[in-house]
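Dropping the structures in below, format is C-alpha cells.
You will see two complexes here that share chain A, one where it goes with chain B and one where it goes with chain C.
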Partner chain A sequence: MLIVEICMGTCCHLMGAQDLLDVLDALPADQRRLIEFKGVTCFKNCGKGPSVKINGNFLANATPELLFEVLQTNLQ
Partner chain B sequence: MTLHAEVNIAQLCKTGEELCGDNVQITRTADSLIVVVSDGLGSGVKANILATLTTKIASSMLARGASLDDVVETIAQTLPVCRERKIAYSTLQILRIDHFGNATLVEFDSPRTLLSRAGHVMPFPAQTKTVGGKTVLAGHFELQEDDWVVLVSDGVIHAGIGGLLPLGLGWEGLAARLAEDVVNATDTSDICKSLLSCCEGYYLGKPGDDTTVVAVKVRRPRRLNLMMGPPVASEHDADVVRRFLAAPGQKVVSGGTTATLVSRVIGKPLKVSLEYHDPNVPPIAYLDGIDLVTEGVLTLNAAVDRLRAIPELRRSTRKDGASLVARLLMDVDHIHIWAGGAVNPAHQNPLLPSDMNIKLQVLGRLRTQLEALGKIVQIEWV
Partner chain C sequence: MPEINEISKIRRKVLTELAQMTFEGRLHSDVENILHTVVTEEGPRYRCCVHKERAVLQDRVKSALSQPMDISMTEAAAAALAGVVSDSPIIQVLPVACDQCPLDRFIVTDACRNCLAHSCIASCPKKAISVVANRSFIDKTKCVECGLCKRSCPYGAIIEISRPCERACELGAIAADKARKAVIDYSLCVHCGACKMACPFGAISDRSMIVQVIQQIKAGRRVYALLAPAFIGQFGIQVRPGQVLASLKKVGFHDTLEVSVGADAVAVEEAREFIERNREPKGQVMTTSCCPAFVGMVEKHLPTMKDNISSLVSPMVAAAMDVKKNDPEGIVVFIGPCIAKKSEAQRYPGIVDFVLTFEELATLIVGAGVNVTEMDAGSFASAGSKDGNIFARAGGVLQAVQNVLSQLAPDVELQAERCEGLGNCKKCLQEIEAGKRNTNLFEGMACTGGCVGGPGVLTDSRITTKLVENFAGASLEKSAVANPKSEELIKLGLHRPHEQHKDSPAD
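Then we have the complex of A and B:
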C-alpha cells in the first residue's frame, strides 16, 4: 500500500495542490486500489509547494505530471 | 442575563414614488440598540429628506450619548420649513434597548408602538410629557426573552384606505394581526414580511402612503468563536485553546496550522476532507468538538464575499469552506474572533498575490462586513 499525503494548506493550494487530486482520477483502477490518499493541513514547507509525501518521502514543487511519474516508479 | 435585540425593517413606497418618505436608522453602540423611525411630511423626495434628516440627527446624537429630551428639542428647532405648508414637520419614534432588555421609547405624533409578550399584544407603556414645546409620549419597560416590539408608520394603520378597507386597518386591526403572526414567527424578518404583505394586500398593491414596519425581538444572543492563527507565544497554545473551547457558542477554526494545534491540545485526530467543491476555496477538515475547520485567509476572504450577497448565500447549497463559514456567521449575533499573533511563514512567500498576504487585512474586511450586517464583533489578539 502506498500512502500519499497531499498538503491542503493555503500556500500549496495556491500553487496548485488541487490539481494533484486529478492524478487520482487519471490512475487505472488496479493502481488506484494500491494507493491511500490523505489530506494534510501543512508540511511546514510552504516555500516549495505544492508538497506531497509518498510513504514518508518528500516531494516538493509537485506537478500532476511529476506526481504521476513518481507514483508509477513507486508502484513498480 | 445578557439579551440581544434582533431588528428588521420592511418598507413600501407610496404608489408612483421612487423614494420612501419614511426613514429608519438602526445604530448599535457598545451597550445598546437604537432604532429611530421618522415619517416626513408629504411623500417623495421632500418627505424622504425630512425623514432622513430627523433620523440621522436623532441617531447620531443618541449614539454620542445625548439625552432623549435634547434630541427631541434639537429636531423640533432644526427641521427645514415646507414652503407650501409653512410648517416643519416629521414624526419621530425612538426606541433604545440595552443588553439587559431595558427599553426606552419616545414617540412624537406617530402610531403607538406595539409590544407583544407571550402572545398578548398591547401598546408600549408610555406617558405624555412636554419637551421643547412639543407633547411627546415617553416610556420605559423591562423587556424579557422572546418579547417583540413593533414600530410602524401611519401607512400601516391606514392600510386599506382606497383599497379593501374604507376606514383602514387601524391600530386594533394591526394588533390582532400581530398577535396571530407572532405565534409562528421564528425571526423578525417573518413579522416584517407578513405585516407588510398584509398592508400591500389591503392597499390592493397600490399603497396610498409610505408604509414602514420595524420589528424587534429580544432573545438570548447566539454566539460564535472563530480562531484564526496560533498564539504569538507558543507556550500559551494550550491555555488559549482551552479558553477557546470553554467559551460559550459555536466553534470555528480557520487555518491549517491552527487546526493542527487545536487537534494536538485536545488529543483528537484532524481529518482533511479531500472532496472539494470550489476550486478557489481549499477543502475543510473535521475535528471532534469543533463545528467547522477550514483553511485560513483564502477561505475567510471568500467568506466575506459570500456575506456581501446574503440572499444568494441563503439560496445556495454550496458546501465549500467559505460558504459553510459564511452561513454560520450569518446566523449568529456575537462573534468572538481569537486572532493569533504568530507570524505565518506561509505568508512570507513572495510568489503569493500581495492582496492576501496579511491576516490583518482579511480580519479587517471580515469585521467591517459583519458589523454592516448588525453583528457584534470582538477581536481578541492571543
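Then we have the complex of A and C:
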C-alpha cells in the first residue's frame, strides 16, 4: 500500500494541489487500489508547494507529471 | 479553469509576496526582493535570459500594485501603500512581456508539393508567392494576408495561424501593432479577461488592488467583504463556506456579506421590470444586467440595444449600497471571479471601493499567514435564497427571474433564451434585433459556464457549478420573493443612474 499525502492548504491549493488529486483519480483502477490518499492541511513547507508525501518521502514543487512519474516508480 | 500553469503560478507568487510584505510592513523596503525570489538564478527560464525575465516581472509587480509602468518598483510600492490607484486601464498588455508573436498569418507547410497548377501563385492578387527551394514561398513584404492562397491550395498545404490573444477576443478588441506587439482597443474592450487567459506568455494582466485593500485593513477601517455566490469551493472542494468566512475575519475584514442577497433583490426587481415592459402585447426583449462584460458588449458593440438591458444595478452594487446605508464609513470590497467587475466598480465610486478576484483573495489570505483549511467551519447558512445563489452559474439568473415571474405573474408570456460567451451573446442579440428570434427575456454571460467560469476563479467551473447547485439547494430562504432582505434592498433604489452610466475614464 502506497500512502500518498497531498497538502490541501490554501498555499498549495493556489499552486495547483487540485491538479494532483486529479492525477490519483485518473489512475487505472488496479493502481488506484494500491494507493491510500490522505488530505493534509499543511506540511509547514509553504512556498515550495504543492507538497506531497509518498510513503513519508517529501516531494516539493509537485506537478501532475512529476507526481505521476513518482507514483509509477513506486508502484513498480 | 484549466490546469494551473506556470503563468498562474508566477502571478500568484507575486501577489502572495506583495500581500505578505504589506502585512509585515516591509513592502516599500523589500519590494525588489521579488526579483530574486520569484525569478531565481537556477531558473526555470522562460525568456532569453534572467534579465529579461526580471524586466517582465517588474511589469507584473507594477500591474499588481495598480501603478503605471514608467515608475520604479519602489516608487510603485510607495504609491500603492499610500492608497494610490493609477488610472491606467483595468486590463493591459505588459509592454516587456508581450513576445511580439512573430507569426506570419499564412504559412506554407511541408505538405506543399510544388505542383504544376500552382493555384496559390495564380490566386495571389499581390504576386507575393513564388517557388523557392521546390516549394511555394510567401514574400511577407508583399503579402496582405487576404487568405486566397490558403483557400486555393488543393492540398490544404497553406495554413493560417492567429495570435492567441486575437483569437480569444470575440469582440476584435486586440490586435498586433506595426511592431507586432499586442495592443488593446479600449473603445471595443469590455475587460472580460479572455485575452489574459489565452496569452501563453502571460503578457496581459489585470491590475490588482490587493495592497490598497490590505492597507485599509491595517489602518483599522471597517472593511466589508462582499462574497460573490461563486465563492463556493474556490478554496478547495472540501472547504466549508464557514471556513472562508472565518479566514476573512482572521485576516482583518470587519464583516462578510453574501452578494446572493443582492442577487435576490435584483431577481425580484428585474422580474417586475420585465412585467412592466411586457404590458403591451408586443413586448420588447429585456436582457439581464448583472454581467458587466455583457453589458459592456451591448453598450460598445450593439448600442441600438442599450435600452433593452434591464435598468437594474448588479447584485454587487445592490449589496454594496446596503452596506453603505448601514455604515457610510465602511469600505466595501467585492470579491468575485470577475475582472470586468473592476471596471464596473469604477462607475460606482463611493459605493464599491475595491474589487478583488478569488485568486487575489487567496493570495491575500496566504500572505496574512492564514490557511483556510485549518479554520473552524462553525455553523453557516446562506443569507441569500436559492434564486440568488444560482446567479453564480450560467442559466441561473434566468431561472431566478423565471421563478419570481411564476410567483408574481404566472400568466405573463415568456420566451426566454440565454447565451454564454460574448460572441454568442452578440450574435444572438443581433438576431433578436433583426426579428429572427421571438425572445423577450435574455440572459447574457460573458464567460462559459457563467460566473463560475470567470478569469479570477481557483477551481474548475464544472466542479463549482455542482457545488453551487448543492449550496443553493440548501439555502434556508427558498425564494427571492420570500427573502425579507429583497424588499429592504429594493427600497434603496436599485436602478442604474444614467448620469453615472458613462464610460469610465480608463476606457
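Definition applied: the second predicted complex is superposed on the first by the 76 of 76 C-alpha atoms of A that agree within 3 Å, B and C clash if a C-alpha of one lies under 4 Å from a C-alpha of the other, contacts with A are read in each partner's own complex, and residues count from 1 in each chain.
By our rule, a contact is a pair of C-beta atoms (placed from the backbone, for glycine too) under 8 Å apart; a residue touches a chain by one contact, two chains touch by 3 or more.
On a predicted model such as this, the values are computed, not experimentally measured, just so you know.
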First (chain B), second (chain C), both or neither touched by A:Gly39: both
Partner chain in contact with A:Val70 - chain B first, chain C second, else both or neither: neither
Residues of chain A touched, compared between chain B and chain C (which is higher): B
Chain B versus chain C as contact partner of A:Gly16, first or second or both or neither: second
Touched partner set for A:Leu27, first chain B, second chain C, both or neither: neither
Touched partner set for A:Met8, first chain B, second chain C, both or neither: both
Chain B and chain C contact sites that coincide on chain A, given as residue numbers: 8-11, 13-15, 17-18, 39, 41-42, 46
Partner chain C, residues of chain A touching it in the complex: 8-11, 13-19, 39, 41-42, 46, 64
Residues on chain C engaged by chain A in the complex (per definition of touch): 3-4, 8-9, 12, 16, 235-238, 247, 359, 362-363, 365-366, 370-374, 458-460
Residue ranges of chain B touching chain A (in the complex, touch as defined): 255-257, 259-260, 270-274, 276, 279, 282-283, 285, 295-298, 345-347, 349, 351-353
Residues of chain A touching chain B in the complex: 6, 8-11, 13-15, 17-18, 21, 37-42, 44, 46-47
